[in-house]
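In the two complexes below, chain A is the common chain; its partner is chain B in one and chain C in the other.
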Partner chain A sequence: MVNLKKYRLALILLAAFILIPLTIGNTTDVHNVIIYILIYAMVGEAWNLITGFTGQTSFGHAAYFGIGAYTSTIMLQYYHITPWIGMLVGGLIAAALAFVINFQMFKLKGHYFAIATLCVAEILKTIFSKWKWVGAGDGIALTPIVALIPDAPKSAWGKIAWLSLDVRNRLPFLFTTLAMFVIVFIVCAALENSKIGFYWKAIRESHEVAESIGINPRNYKLLAMCISAFIAAIGGTFFAQFFKYIDAITVFPMSVSMIFVLVTVLGGLGNIYGPIIGAVIYYSLDLIMRRLTGSSGSGLDQVVFGALIVLITCTEPLGIMGIVEKVKARLLKKKEGGKENG
Partner chain B sequence: MIGQILINGLLNGFVYALVAVGLSLTWGVMDIVNFAHGEFLLWGMYAAFWIWSLVGLDPLISLPIIVVLIFALGVLTYLIVIRRVLKVSGLTALLATFGLSMVLKNLTQFFWTANYKNITNPLVSNKSFKVLGMYIRQDYVVAAVGALLLTMLVMAFMNKTKTGVAIKATSMNKQAAQLMGIDTSRIYAITFGLSGACVGAAAALMASFTPIYPEACALYSTLAFVIVALGGFGNIKGALYAGLIIGVAEALGGYLIGTSYKYLVVFLIYLIVIQIRPRGLFGW
Partner chain C sequence: MADAVRVNPYNPAENSKPVDELLKIQNITKKFGSLVANEDVTFSIHHGSIVSLIGPNGAGKTTLFNSISGYYPPTSGKVYFEGKDITGKPAYEICKLGITRTFQVVKTLKEMTVEENIMTGAFLHTGSRRQAQKDAAAILEMTGLSDKKGIKGGSLTIIDKKRVEIARALATKPKLLMLDECMAGLNQTEIKDVMNLCLRLRDEGITLLIVEHIMEAIMPISDWIVVLNAGKKIAEGLPQDIVDNEEVIKAYLGDRYNAESKKS
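This part shows the complex of A and B:
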């Protein structure tokens, strides 16, 4: 049997994500924030694989995110194929692209690699903002799934499958996103504890040592990047379905790549819980700040928000999970101390 | 026609280079990715604007004041924020500077709205003069020459003064530098200040012909990242040459392929060059 105690935090989070939107947070505003949290945490997990576990900083994950968003949207709009298939195709294209691009790129180290990933995303941004077939500068506005294919939702199951990716039914969409995040989380957790995960960490700690014990760093880095790109593309599909409109400026810019970096580092880099905790903190703060200042557009909410990020990083440089680990260690110490005394 | 484009790109390139030299200092020496670099530039431009509009001093004359102000901003950034995140992974420092960039950018919007601000009737007008059949704008020339002089000044500072050599030593090996009696914390503070001074100067040089608004500097910081990596980390000469290459590439790409594709050319150049020289053009 799976050791439930080990996954206590995960279960608490899952319960919160199921209960909050049904009870105290049963407003569209909160639902939107939760969907954002789940989508960005999903891609954050993907980014964590390559940067947190394997140690190769990517500043360009928006590239794969955008590929996923565009692929599924085009398949839906032009060929009337469900986004469920679209996201898999998008994932495969993103993974293939990651393989082709990074086959050569992985000989670069550190910042040179990070800037190269940034360049790839920026190049894709320029191409997609000029490419007529994908809407060029106007982008693509998604028509509701039901309006697109009138006879698709014939059977009940077909209906559910189609509708759960239609954001007009906000709660089903939220739970679909949650389910996808849970799958991604389990896959990442399994990868972390597999042989591959240990190889990745070996490469992160020392390239040379990893090589000397017979790991081929490039192959394992490529594997991490391809899996990461696949997941990022799935996140992109959910984003497109949620946002109902995509263009190159919304899905490919550096600011999007940075969101994945930020939520993960805020939560805890190289920690499986990092992205989700970071995303929760990031977007809850964002929501609270917007409510407090009434989003007057003065920028004051962003000032306070930025200052909070600086404050958190300065007081707890290891991210929120750093605090959690510290508290855990202290509790454990107390427990052991108590045992000795008793 | 090609000559005209080359000269325009080259003039732009000198300013890019000065911004990149500033970034190269913090990134190369301290291994800190300063995401607030563009916002330092922004605050430099706003400083130039307000000194011009309140006191009536042209940015070119108030340049030393702006340099000192942004130098102070850099030192303060180090003392308040960076110092606390030096010991952990570089990505945490990145997060801290990202938060800082949000604060700095949105403060300008909060204080002075998102509207464009322009400096009118600058000391050097935007009139062109003709050399060898090419039209060259006066203010661009002044900015480029100023940027080149200041870049050379920074280079001289790094090579000739004791502090400069100490900065270099710290960048090569922090422990060894400490053992040699270098106060590395002070060196870091100075490096951050110097980085600010570079963008402060760049801001003063550009302020008279660039519209000033909160998003004005986003492009400059992205380009500065690419330029620094293209030149090789911690290499000031590399940043200068890479800045010129990027400036010319951008202008040529804009002319030959189309204005909307000019940055595509810039990023492609980086990806190609880095395949041949994995540590940048002048990296070792």
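This part shows the complex of A and C:
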């Protein structure tokens, strides 16, 4: 039996994600924000596996995100293959790329590894912005499924729409993304509590200790990176399907890699709830700011985020979940103290 | 007690059977550039014994530890474990064969609880979390850490960190446990605890190789002592012989301990 109390926060979040878009947030604006939250939190979870759990800082997850976006888009656009297969193929390509690159790169440690990961995404960005077959600088705009397959049914909930992940009505797409996020979350939670998760954390804490208790650090780091790349590519597919247009500057730049870093660090590095909490706060604030200032043009949101991140990283390196856990520990202490007194 | 009937496998007066070698170190030399950290060290460790490696600071004890456990390959020489050549194998493979070490500077997994620290070691022999937890519980009990299992490794006191260090190594179910100065910095009672733990482990069939500075602790529990000085083995023998060895006294023990041991 799964201990429901242990996953109380997850259940509350899930309920909120189902109810809010149907009730108080039933506007396109809010739906868009929630979809972005889910996509970035999904890739944040992926990033958390390699950096939060295994301790290998990657600043180049846009590489795997972009590969997922490009693979599924090309397969859909050029060969009319559903993105459901496209995302799996994209995931496998991303994982294979992660394996090949990191096989050598894991000889680097700490900052040097982080710099190397940064370069991989930049190299891909340059290649994809020059490569004619993938649209070069123009990118690829996804043709609506109705134009691509003439006799597709018009209903948003129809079979073809599901198969193609078409976004004509945002709600079905939102719930599909939510379902995918839940799967990713469960996979990550299961990994964290397994032998693999324990070994990842041991590697994060100390390479020497890991080796002394029979762990081959490189194999486990590669495993973390490949799983992480696979999930990031799935996130990339959802992004491409939602955004309906991709080019190298949209999916491969450092700023995209930094979003994954940002939401996870904000929410809590090495905590399974970190990415989703971070993404929720980041994008809700973004939405509020935009409503307050009229547009994002004023730049006020950037100033507030900058301040928020400085504040959080300085006072609580484990992010918002770190604060939550501290408060919880204090409350528990108080409760026990109260019992003793009474 | 088991001590009364126990036979020191190294003592020819007690043990007539042929020696049963678990680990054999043959002509190990380790150079770092022009610095010779270990020079031509040879000795062997018998099944079920406690062997101590002593020597002044910089004698090359930890280097030898690293050569055996696979952290640095030796420049020349061989290490045999259960008759198999394990020289130069990576540390994680050597651990899988049955040699686990601890570190002189304790390396507790800070962000993991005591129980999780030990479970990580226990996962070597099982893929199941439940089994690892069960194995860890037995080791928590043995090392006296049961009531601290929920505390994060980073916030433990030094004695508990050292206990966790030993417990995590034990969880890998080693045949040979190598302890690197696990008593340094502990008070008298705590040292007694570790000594008793060592004896208990020996009685359970684990062979121990101990690097230690505290003579009062090491002499009574060791079956055999190997003395290193400036990278070379200068003596090996039964504890009572080592304390009388002139060269060892000169190099390391100092006259004070010599006088004290003669008194008693």
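Operating definition for what follows: the second predicted complex is superposed on the first by the 318 of 342 C-alpha atoms of A that agree within 3 Å, B and C clash if a C-alpha of one lies under 4 Å from a C-alpha of the other, contacts with A are read in each partner's own complex, and residues count from 1 in each chain.
Going forward, a residue touches a chain if its C-beta (ideal position, glycine included) is under 8 Å from a C-beta of that chain, and two chains touch if they have at least 3 such contacts.
It should be emphasised that the depicted structure is a prediction, and the values quoted were computed from it without experimental measurement.
Of the two partner chains placed by the overlay, neither chain B nor chain C lies in contact with A:143.
Of the two partner chains, neither chain B nor chain C is touched by A:26.
Chain A is touched at more residues by one of its partners, and among chain B and chain C that partner is B. In the superposition on chain A, the residues of chain A contacted by chain B and by chain C do not overlap at all. Residue ranges on chain C touching chain A, taken from their complex, read 69-71, 90-93, 95-96, 100-103, 107, 109-112, 116, 119-121, 123-124, 126-127, 129, 132, 153, 168-169, 171-172. Contact residues on chain A toward chain C in their complex (touch as defined above): 193-195, 198-199, 201-202, 204-206, 208-217, 270. By the touch criterion given at the top, residues 51, 57, 104, 107-109, 111-112, 115-116, 118-120, 122-123, 126-127, 129-130, 254, 258, 261-262, 265-266, 269, 298-300, 302-303, 305-310, 313-315, 317-319 of chain A touch chain B in their complex. Of all residues in chain B, those touching chain A in their complex are 27, 33, 35, 81, 84-85, 87-89, 91-96, 98-110, 114, 214, 222, 225-226, 229, 233, 260-261, 263-264, 267-268, 270-271, 274-275, 278-280.
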